[in-house]
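Here's the structure we're looking at; comments come further down.
Here the chain labels run A, B and C in written order, and each chain numbers its own residues starting at 1.
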């Protein structure tokens, strides 16, 4: 059969809407984005390498990726529990609590940043109890992790909830009838079925945490080599009119988020592939 | 002989009334009655024991309190630390007003533009089959994958003094970076996918049968859109617009890069909060922040209401598509 | 295994799914629970399995071989359950699905790896899908999936096999094949089986005994022949097969429908009552001229000889529609056309008087 770009439809407006979509997308997203890559490709490899391996910047990678990873793992565990209880159990104010899970999406990051700093600083609501135990949260990597956990929570919960809804009660009943106890059913039937969604939520939460800025800058304290996140270093470079350096670091971050996005997409491809039974 | 169920023909004799009482008393063979004490309720097969359930609910509420409710409460408490008067005084500052104005302008331009784009793009994507569709969806989603600071940087690279258009802009005495147009541009960029990514799956789920019916009944493309498509997706559209607006008003990182923090001129509300906070004017910072927190609460409330509608609509769409496929 | 269900009641909110139901299922029997949706058949099956509980105040019980299992956990009852939508574990291969019940056994009774492989292969051969062990459920057709689900249910070596609309999600053609196959399999392994279905053809063809349910009660339990030819209630009459329904009257030992009057000794009272007349299309005959016995005059409105019998639509002078099924030979002998005036004779009529259930045939 002859290859065709578009299959036949009686509905009008394809040319117009498609044209507008592509033009607007190019103007607002693709051309600006290509500016970054063109600028980066103008750098010599040596320059690039020197910038992105500067010890201060490497320290920021370690901090950003480390804290983001820990936060995403915390979210994977607790987000799973939150999603499970919100879908499976009934308790008072459930709908309200469910709505609040999206607070990190709705609350401007600067607000969450100063709020978390206020709570976890040494005379804050929670900080005052942690201080005597020798646990410092604000202005430490721990504080950064707290902020990133806050930011990433809805990703895990919101990815898991539909998967939990879709989980057929049949399969759990089948497992019970076949002699599995509840624990075996959970590990062998429920968790494997939810694993792709859990991984997706984990990756989304991780990706968001890597790029997060607003909620982190206040609680991090921004001490060079210690609590500087990579996003902040881009701004620092810009303030020093070092656009080249800023571009180089931005490329590293973009690369990281694209790798994660690719991972999410392949997980999702895997899910749809398996449930549709291709091969 | 055919065995299709249901009575083939129902008729009524002219001399009798058609209403037949459908009460049947069928004696069920009563078997020997086991005398037994009250049946204990057995553990249902797909439930956890009560203590696990209570534990998990407690963990959920504890975790969410720690990470969501306490920070939210802290914003308001800090704002009112020195009473209502001091709190409200923060809004008497002209800088606060200009920040609010700028935020409204940026959102007021970015949200409608993205809404129109979302509708246009989802019509093209959800109503037609063409090659490269998934690539197009991925490209539309792209701004989500880019961290806010990098988004800001992109526009600095384009329009900043050392950027592509920098010299040209300087020659014509135009300023985009460290000025209002830059703020509007990054706001559009970061909120770009919100409406489209809500509408595309919804419209794909609903299918194009209704539009095809409208066309076959003689409606034009424009009429079809206004009378059939738009009413069908209005809740999904609302949902996307609400999220888009929340992000547009609340964005910090990207706007921070292009704004230049010129007090009274290029500060949006979140940036104003930062400035006040860095000046150790905590009460004012939290007062302005509480305005944003109220905005967040309104967003959540509206979002929940729309979600309830949307769930209903999705369920209906699924019901029709599943009856169609079986 | 003999199953004894005694006085089971189950309500969901205001809806009474099962209303004081009792039933005995013999060892090795294949029983079909047949009824429209909402009749309680699935609830009954799920209560036998232990997936559903009876009402808290219900004193009824479920016993297997005289042993009360009402409070026994579902995994310990030794039942196999086949779900309408298969309920296969999507992330496991066919092999792992069937091995699942063996692998989740307590360590002391768990078979060794080689033993598990042997058993799984045996079961796969039994359901004639030996070559599919490495596939995932999504890679199988609906019919294959249901056979795998059955193999998995049999892996627990059940004393009782319960099937909930097992062919409900399949195409008509596959459904017919699997039906015959299930009957053969049952003859082979002889495990006591209960099949829930809303498809009367399926129930009548596969089952040793059919239990017709309606509104949470058992209307009739009997052999396929019994329930079809001697329906105990109006509901069974209407639910099984096609039937012409007329509304007439009874009084003083006679039932009358227009000018058709039949003896009805079951109602000797003088009082006149409304009565419903049932005549199956194949129990009616058409004659061109009136002869002995009571008949209804009617005009032919539609003739459809396409099929294994000829279906004739008629209308009486009173405007009542009815359907008659003739053998093709009879149809050719008669040579009737649309518009002919004919006489309809009933070889069998069933009359039901509401609140006074008696079946009477002439």
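As a convention for this text, a contact is a pair of C-beta atoms (placed from the backbone, for glycine too) under 8 Å apart; a residue touches a chain by one contact, two chains touch by 3 or more.
Since the model is a prediction, treat every value here as computed from it, not as a measurement.
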item: Chain whose Cα mean lies nearest the overall Cα mean; value: B
item: A-C or A-B, whichever has more C-beta pairs in contact; value: A-B
item: Separation of mean Cα positions, subunit C and subunit B [Å, integer]; value: 48
item: Distance between chain centroids, defined by C-alpha means - subunit A, subunit C (Å); value: 54
item: Centre-of-Cα separation between subunit B and subunit A, whole angstrom; value: 17
item: Interface hub residues of subunit C, defined as touching at least two other chains; value: 50-51, 74-75
item: Numbers and ranges of subunit A residues touching at least 2 other chains; value: 173, 176-177
item: Per-residue overlap in subunit B, given as positions that touch at least 2 other chains; value: 45
item: Residues on subunit A engaged by subunit B in the complex (per definition of touch); value: 3, 5-7, 9-14, 17-18, 20-22, 24-25, 28-30, 32-33, 35-36, 39, 78, 81-82, 84-86, 89, 91, 95, 97, 99-116, 118-119, 124-126, 146, 149-150, 153, 169, 172-173, 176-177, 182, 185, 207, 210-214, 218, 231-232, 234-235, 238, 241, 243, 246-247, 250, 253-254, 257-258, 260-261, 265
item: Subunit A to subunit C touching residues, read off their complex; value: 168, 170-171, 173-181, 184, 188-189, 192-193, 195, 274-277, 279
item: Sites on subunit C touched by subunit A in the complex; value: 49-51, 74-76, 79-81, 83, 85-92, 100-101, 103-105, 136-140, 152-153, 155-156
item: Subunit B - residues contacting subunit A, complex; value: 45-46, 48-49, 53, 56-57, 59-61, 63-64, 66-72, 74-75, 78, 117, 120-121, 123-125, 127-131, 136, 138-140, 142-143, 145-150, 153-158, 160, 162-164, 185, 188-189, 192, 208, 211-212, 215-216, 220-221, 224-225, 243, 246-247, 249-253, 256-257, 269-271, 273-274, 277, 282, 285-286, 289, 292-293, 295-297, 299-301, 303-304
